[in-house]
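Structures incoming, each one as structure tokens.
The two complexes that follow have chain A in common; it is paired with chain B in the first and with chain C in the second.
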Partner chain A sequence: MGKLNVGVYWAASCGGCDVAILDIHEKVLKVKEACDFFLWPIAMDFKYADVEALPDKHLDLVLFNGAVRNSENKHLAELLRKKSKLLVAFGSCAHTGGIPALANFTTKQGIFERAYLTSDSTDNPQKVIPKTKVKVPEGELTIPEFFERVFALDQVVDVDYYVPGCPPNPERIWEVLAAVVTGAPLPPKGSVIGAGTKALCDTCERKRTGDKKITGFKRVATTDWDPEVCFLDQGLVCLGPCTRDGCGLQCVQHSNMPCRGCYGLPPDISDQGAKMIAALGSLIDAKDPEEIARIAGELPDQAGYYYRFSAAAGLLERRKA
Partner chain B sequence: MTKPSGHRIGVYVCHCGVNISSVVDVTEVAAQAAKEGDVVLAKDYKFMCSAPGQDLIRADIAEHKLDRVVVAACSPRMHDDTFRGACAKAGLNPYFSHMVNIREQDSWVTKDKALATQKAVALVRAAVRRVRRHEPLYSKEVDVQPGVLVIGGGIAGIQAALTIADGGQHVWLVEKEPTIGGHMARFDKTFPTLDCSACILTPKMNAVGSHPNITLLTSSEVKDVSGYVGNFRAVIETRARYVDHDVCNGCGLCMEKCPKKVPSEFDEGLIPRKAIYVPFPQAVPNKPVIDRDACIYFQNGKCKACEKICGPQAIRWDDQPKTTEIQVGSVVVATGFEMYRGPALAELGYGKYPEVYHALEFERLNNASGPTEGKIAMRDGRTPQSVAIVHCVGSRDKKYKPYCSRVCCMYSLKFAHLIQEKTGAEVWEFYIDVRSPGKAYEEFYDRIREEGAHLIRGKVGQVTDQALTDDERGKLIVVAEDTLAQQRLRVPVDMVILSPGLASAPKSLAVAQLLKCSTDKDGFLIEKHPKLAPIETATDGVFLAGCCQGPKDIPDTVAQAQGAASLALQFVGKGKVLIEGRTAWADDQLCSGCRICNSLCPYGAITFDEAKKISVVNEVLCKGCGTCAAACPSGAAQARHFKDDQIFTEIEGVLAP
Partner chain C sequence: MSEPRIVAFLCHWCSYTGADLAGTARIKYSPNVRIIRVMCSGRIEPQFLLKALREGADGVLVCGCHPGDCHYHEGNYKCLRRFLMLRQMLGQYGIEEGRLRLEWVSASEGDRFAKLADEFTEQIRALGPLGGRAAFVEGTQQGGTSWAS
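This part shows the complex of A and B:
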């Protein structure tokens, strides 16, 4: 077959997903042989106008990373949907909101006040807060509109596939690209690809028992733990049980760190954070409400912990006021 | 309005006489329900649970080819089975029906008629959306093993064992002490009839000992229970007795010769017993055991006096604990109570003043076979001239036991009678309220008053020996407020009897855990329903008898024991049991083996498959409580009939505009 027309875009993201593509190392040369790029802001110089000028569905594949935070992100999401045959939500942010979606636990106003008025490093005596439009003598200046909340990509446009991860495992990225390049049969639309079908514990080899009881939450910064034993068995919160397998166990086994949940929710559940809260709540070994509150209070920012990568995608919408 | 799914749903709104219809506009609820997608018909009717109401559903299923039924009426706890049955009779899977509670959760708790109607409309809409997602479920039938395990050999366990054994089933009766008899064996008289406790109990004890259908295991405890409804496997451990009961002829010479004395538990330490002993002369089995902790031979390797005197050579120094494994279909828990022995006793001078006794000590003191052969005497042998009896010690007290133990007023009144009869002493009873709600109990209370006991309504604040007047010198002074006369009293007496309540037995908790039964905050086992299932438990095939379920007197205990026995006989006698269709399962395609659910199942239904590294639900043991489904972080454990999509659809239905 001929070369694939490919676009890669970053919306509200850190750039790690783009770097992860480059982390396939020498295989990137094979990608170059197989693909013509039409947009890849981190690596090549294109203008949005170039993309707008393309015929519809000209791009065989678009890897869209980053969440949708502002009107520019949304515009590009809609544009790339129109110009692509396959739109892939690439990485945690596009998949379920990722780190940017933690902002849904506060409000637009709260973010602006913190960023532009109250943070220790702010020096803003005139108390200027960004506006979408501002009139200057030369005319009207505009910047993208900052939305009230962060969206996952599929909350804005129709998405064909999801590749989870913060960032996606380079080996999984290569498998996905290889599949598209070779024209291998693709899974049903809407599938999560480049990941497993069970939760992480399925492949995690740490030893675990059937008698998990939480009498207090420990934190990695202040605890010693056995590198061979299940984190939950040791009172450390690990999101492995409610996180899809496929990352290659980079944290839990290779780095001896608990899973933080970046591969998103396993199939058949609708809210990763709520599932973890229910699971841990069931394991708390106390009956007295005050004791339960004390144990729960040992882990600050529970919501942030359990929804670290999925706050846009769960049942929660956003903080309303 | 949601997208039609091709189902044919019938909605029935019940008036419940006027219970619902006086508040909820049932016609409007039916009219609104009819607008929902897939609803073929929506009707309201006076009494849906009546025979004509059920016939209505059956006829509509046949005529209108309904495949789902929603009944908005009372609590599903009341009538879910009724309407499932109606569906089943019409050939529909019973789980295709769904009840909406618009009585307890709506008409009875909502005053505003418009709001109540609106709420009923929303609840019915939710049910219509939910019932579309119902899946057919099937009950399973499993065989029930013969035989019943009775745990505890007090009057409750004795009565349950005899009734079951007479009913033709084999009984394993397990008692932790060396003899059966329990607390009742320690009493001399029972209220209100004052008949001799031993006279009515010992024939039953002997009947247990000789019944061909009863295997009696004393000095024994249930260590493990596994299996599932109707098929329990129990492991019972019998402590080493060091006396071969098959050889021993019960002559008692060993006890005479044994030189070692320790306080008798049976007599509350008021007199000693020997290191080789039977707890009391009418014990069953009436053969001794050696108390290893007390025995001189076990301490320093010498003595063996018992062995030397024993004609049939029954002493076995190398005796080991024995484990018995049994299979039974049903279990009766009769683990009894312990008298409250907490700090409320010390607050009233118990342990400080020798003449302050607790009720069980007095029971022994008064017992014809007790330390004084029934003579009510002080420790120096004198007969008391005046006695105070203090009710509610630690009872009805938020600091200790908040509940009323039901028997203490009556046994305290019994004490008053016995003291007056035997000693002529002046008796003072201090009570909060006298509670005498039993057959002939109020009459007994009247009799005691007529006999001249002083009944003072007031809680005792202090028992002291600090005399303020000459009258008080050498006496115990009971300080209380007479709340009727509204005056503070100081009553000097020779003897004080504290009447504590009944606390749960610590062993009950262990037994409850083995049987997956719940206990309440006071440690008593929780019955399945406080009114309509007071003997059953949430674990099918496990029944409760006596004070393990809550404080009660002997007649109530015997009644409950006979009830438990008849339920156990019924359960085992049927030979088959239906297993609920609404169970949980763990999807092996989703389970990652995180093992979070493993320790959570209250019924022990979840095991971990080491080969496949996944958790597995035993659907025979599962009661469908959903704990595992709620806890499962990966969505593998799911509860049939309460799947996420069913619940979310229902929530959306409630919230839909």
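This part shows the complex of A and C:
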């Protein structure tokens, strides 16, 4: 078969997903043999105009990482949808909003005020705020419009597949690339690929002591914990109950750190935070409302903790408008 | 002006029977409260409450058996813990505490349920509409604030 036409794009992202692709190591040479790249900003110099000039559906596969934060992200999402046969939401940000979507717990106005006016390191006596258009003697300059909230990719365009993870596990990436390259039969549209189908707790190998009873939440930075035993048993918040497996247990097993939830929702769950509250509600050992409030108060940023990677894709997608 | 929309989750064994008693005793109470019966208040997933708010409820009422009276022994305590955590978290979404209320209503407290329904309806009326999808999901794919150019 001929070579595959491939594009990789970053929208509101950190670049970690692009690096994760390179983390397949020497197999990247096989990718190079099998693929022609038409866009990959972190690695190669293509211009948006080159992509705009391509015929529709010219790209066999586009790996789109990053959330949709501004009008440039949205434009590229729409453009790459038009030019691609398979559009893959690649990594947590494109899948469920990721870290950038934590901004959905505040507003655009709140972000601008903090960033340009009130932060301790800001020196802006004239209170200059970025404008999308500004006239200068040479003409008009424009920058992309900053949206009110952050979107996951499928909230803006139609998406064929999802590969979760922050970043996706390189072995899973290779499986996905290999499937497309070899022409293997693809799963149904809309599938989450390169991940498991259970909650992380179901595949975690840490020891469970049985009767979990939480009387207070501990912090990783100030606790010595047993490296073999379930984190929740020890009062450390681990998002295993509300997170999809398939990550290779990189945090909970190999790094001895609690799950942060980057593989997103397991199937049949519609909200990571709600599910985590359901789980913790069963574990907290208190019946008195004041005592419960005290224990819950030890997690002052519940939303930020539970939705660290999925704030744009919760049942409530943003702070009240 | 639109009426407050309230979704109420009531446990089968105490609170729903209490609401039923209000009905058979022909006590009038606010029709704004839409009741959903569940077997136990411990069955009320936080997802249910979030879904109600997303789909346009202005307030959510949760009722279960009094502490110590749960038909399944511990369900109402689980409900209490989940409710308190959820209500605290929803503050981060800009949702006022007064929009979510948990009360214990026994099977014999028909009049109390009716009063509660009236009182909660007025509480929500005072807070105003919440906004549902328009506030938490839709209509936001543009800049559109005072910061826009």
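We adopt the following convention: the second predicted complex is superposed on the first by the 318 of 321 C-alpha atoms of A that agree within 3 Å, B and C clash if a C-alpha of one lies under 4 Å from a C-alpha of the other, contacts with A are read in each partner's own complex, and residues count from 1 in each chain.
Here is the rule we go by: contacts are C-beta pairs under 8 Å (C-beta built on N, C-alpha and C of every residue); 3 or more make two chains touch, one makes a residue touch a chain.
Just so we're clear, the structure is a prediction, and the values are computed from it rather than from any experiment.
Novice: With the two complexes superposed on chain A, say which partner A:Gly314 touches: chain B (first), chain C (second), both, or neither.
Specialist: Touch partner of A:Gly314: chain C, not chain B.
Novice: For A:Leu232, select first, second, both or neither according to whether it touches chain B, chain C, the two together, or no partner.
Specialist: A:Leu232 contacts chain B only, not chain C.
Novice: Scan A:Leu200 for contacts with chain B and chain C and give back first, second, both or neither.
Specialist: first
Novice: Could you say whether A:Ala278 touches chain B, chain C, both of them, or neither, answering first, second, both or neither?
Specialist: It touches chain B and chain C both.
Novice: Regarding the shared-chain residue A:Thr132, is it in contact with chain B (first), chain C (second), both, or neither?
Specialist: Only chain C; A:Thr132 stays clear of chain B.
Novice: Scan A:Arg208 for contacts with chain B and chain C and give back first, second, both or neither.
Specialist: After superposing on A, A:Arg208 lies in contact with chain B but is clear of chain C.
Novice: Which holds for A:His75: it touches chain B only (first), chain C only (second), both, or neither?
Specialist: neither
Novice: A:Ala293 in the overlay: touching chain B, chain C, both, or neither? Say first, second, both or neither.
Specialist: In the superposed model, A:Ala293 contacts chain C only, not chain B.
Novice: Kindly classify A:Ala303 by the partners it touches after superposition: chain B alone (first), chain C alone (second), both, or neither?
Specialist: second
Novice: Between chain C and chain B, which one touches more residues of chain A when both complexes sit on the common chain A?
Specialist: Of chain B and chain C, the partner in contact with more residues of chain A is C.
Novice: Share the list of chain A residues that count as touching for chain B in one structure and for chain C in the other.
Specialist: 269-270, 275, 278, 281-282
Novice: Would you pull the chain C residues touching chain A in the complex into a rising list?
Specialist: Residues of chain C touching chain A: 45-47, 49-51, 53-54, 67, 77-82, 84-86, 88-89, 92-95, 130-131, 134-137, 139-149.
Novice: For chain A, which residues count as touching chain B in their complex?
Specialist: 197-202, 208-213, 230, 232, 240-242, 245, 266-270, 275-276, 278-279, 281-283
Novice: Show me the residue ranges of chain A that touch chain C in the complex, using the header's touch definition.
Specialist: 74, 105, 107-109, 112, 129, 131-133, 145-149, 151, 156, 269-271, 273-275, 277-278, 280-282, 284, 286-287, 289, 292-293, 296-297, 301-304, 306, 314-321
Novice: Quick one: which bits of chain B touch chain A in the complex? Just the residue numbers, please.
Specialist: Of all residues in chain B, those touching chain A are 587, 589-596, 598-600, 608, 613, 627, 630-636, 644, 648.
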